[in-house]
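Lettered A, B, C and D in written order, each chain numbered from 1.
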């Protein structure tokens, strides 16, 4: 289904940053990860919509775009670990199976959803322009229920499309033991960061955000208290692998960390 | 499901023009429509992919993009009727029900398919640029079978994205009688043309086209003999209604009122 | 896409009958259709889920079940017309395009939705039995929103799976004029009734019903006031055509032949 | 998305068993797994379609059937490992994300596809009966391409629905290291077997099988040389966890097997 990395991505991001109760963020972080300090806006959350094309190094998927295009919506918080601040994806929906499987490998807790995002146009009435007054919407549906609605009206060019998703990612990759006995066969902390990143002009503006309820979704745990801002930006990035940070980070570990070199220090890249 | 017209459209078109056997075109035209003359390239066909956003006059769909975005792939030929040349859509697949119903109203013989089309990007490796060397693909799937594959590599800017789809449309709107006895309750020839058309720069290049086979599709009736060219262009248009050309254009006409009273004169008000 | 009739259907029906405000029913009936009289339970509504296989006379679709299986959910009320009581479908969602197009021909106002219905099983824990205590659910999603939830717990065998859908159907088939000027090109009243009907044992029980809200759906116009009962039954039927009842039934009629007057100006309303 | 096990399943299985080149089977088995011996029909393959309802122990999914129903198609071969014969799933497509994720946990290499399977009926013409002459089809679509078509015509009741899928399953659960350097972070051999199995009457008959080609699927590696037979059976089963067989079965292992008991010997069931 997937070629080996590197995987290239080009697309547009629609972001709404908002504040939730920092306790809610804390409740989603497994020890020893902790929320960032008071001075660092610990309840800040980024709800991000992405309309991607992606492909392997031979670009084959671009000739068969059903295997190249996908949309995703993901929720990012920050955490601290061993004195460093990371971004961490806590919820994510995608609309293709290749993106789901790729995401599980990367430690994204992906589910399959129905994701939609207004696209900018350059002609006519049926779409916004990327510029002042441009109005963009993003929505998520999951098992027949609307889970997320955001709307952003751009006001001005700016330097960045938010601060919550600006750090290296710190993800957990885990696999419960086949015995289904509460023990994990795999429980790793991994970090990754895009390479060859290209950034278009960022825009910011006013935003609204709404979360729905569902018996099979828990996004309402991060209910918005206050909107920080809305952003739009084109980006491109390449994923060429990440690094194992710590295979022993919780007391659930029953895996030995011998993968690369017994003399290697924990937390170093392999 | 749909607001009243006007309906606004903004999107990108990927077109491959090719020649098929003119007899194949003729076989799809109901009398009194005829193929265009020898000097007018009667076997020319346009296979067009469109990646649209559309909305009604209040733009409400742009705030809920699942109701605004759709892709379609359609096959256009030309025909002559009462001394005039028209474009006519003979096959079309769309991927949303609102577009299907809207199309049936307009006389497009729409089916629901899986349509994909490479999108241009401005950053990174995962997509072509609109310019020399830009390579775009379009595909159609229908009931689990790949029906159409096209690829276009742009070479140069040009004046138009083809000539086959350049006339007013001449479509048939028909509804078989509920008796399912081979008679139609409605059988109209209608014409329509977009208004407020805005056109981006057209590009042309080299193209390939391939059609698949299926027990539930007949696109192979228009098998390509020779490629004319490939095109890419952004466009915007508005549909504000069409015009009835002839409700009696074939001997199949037995419009409902005929059916109600055997003594009634053809063409009289019921 | 479709063979000519007859079309054969075999499947299971899950029905919840309930009462809404009779005014709500009336508001959905075009003149001269009227609600049934006080003594006939004028606010009674049947919300019906169906899990079908269907095929043409050569059964070809059964060898390619993606073209044979579909689910639908539809809302039926009764009306009177020229002294007779009819059943009439006022809302309907289906999950395949062949069923959508077939339904438009029959006068069903079909939309594409996500329809799900618990299936009975004969082994194991993952499903109900058709019998006392058997619990069945039906759901409708439309454009990412849950629109309908019903649940039925069977109690006892009975003679019929409800009374609301028990009459010949009286449907409107209409096609707005291409001029989009508020006039219809086609506006017929048609009636139809299955032939070769086979009925399994009916079961009845207790039921719950819930409707959601959406900007693109109006099922909440028929909000439930009181549940009548829930039913489950296997059925088979064949559609072999219907009958035109009246092409002139409302003052909106301006069937195409009106439009043919040679003295009329092109583009003018008839 | 998922409750903890046990997970209950009730459904129908359509199976075609056939012979492929035993070398093809061997090429899909990682060392130290080997094909079964000559006397055991080493090229035998089972192509199985399943139409399931599944739920957790509280049966909640049965009240929301979009979360309960799914279809899957999977390809099973046999292998030997430490003197014992196992069944092993080498390809599988499912049509819901909950089944995909559950399957990855169990070591099934699941992809999302479009799976369809003729359903038996008890009334009317639009479906077969489970009995002599009953004709069933199964199909798989993946990324717009038809990958598998099987047809089975039942002839007689029998004792079993095939022999290839009759052993305990032996699956690999692996997760490539996040470094994407060819090393695995997890590479386990696990075994599992349903409990509380209930079996309906099995039927057998004549079968046809066809595989398609695709750039993103490799089912044609197991091309059929000869059909063994076709089968239909209702079954129910419960998954309550499996057992770790060997976390060290290949030289790629870099995980220590300390999960269950420090005194346990490597290679024993946990």
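Just so it is clear, contacts are C-beta pairs under 8 Å (C-beta built on N, C-alpha and C of every residue); 3 or more make two chains touch, one makes a residue touch a chain.
Since we're looking at a predicted model, the values are computed, not measured.
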Copies chain B and chain C touch via same or different residues, half shared test: same
Chain whose average C-alpha position is farthest from chain B's own: D
Where chain A and chain C are represented by their mean Cα positions, the distance between them in whole Å: 43
Computed distance of Cα centres, chain D from chain A, in Å: 32
Whole-Å separation of chain centres (CA-atom averages), chain A against chain B: 39
Residue numbers of chain A (touch at least two other chains): 64, 66, 114, 116, 139, 141, 143-144
Residues of chain B that touch chain A when the two form their complex: 8-11, 52-55, 59, 62-66, 68-69, 114, 116-119, 121-128, 135, 137-139, 141, 151, 196, 198-200, 234-238
Chain D - residues contacting chain B, complex: 114, 116, 139-141, 143-146
Touching residues on chain A, where the partner in the complex is chain D: 1, 4-5, 60, 64, 66-67, 97, 100, 104-107, 111-112, 143-144, 173, 175-181, 183, 185-186, 188, 190, 192, 215-216, 240-244, 247, 254-256, 258-260, 269-270
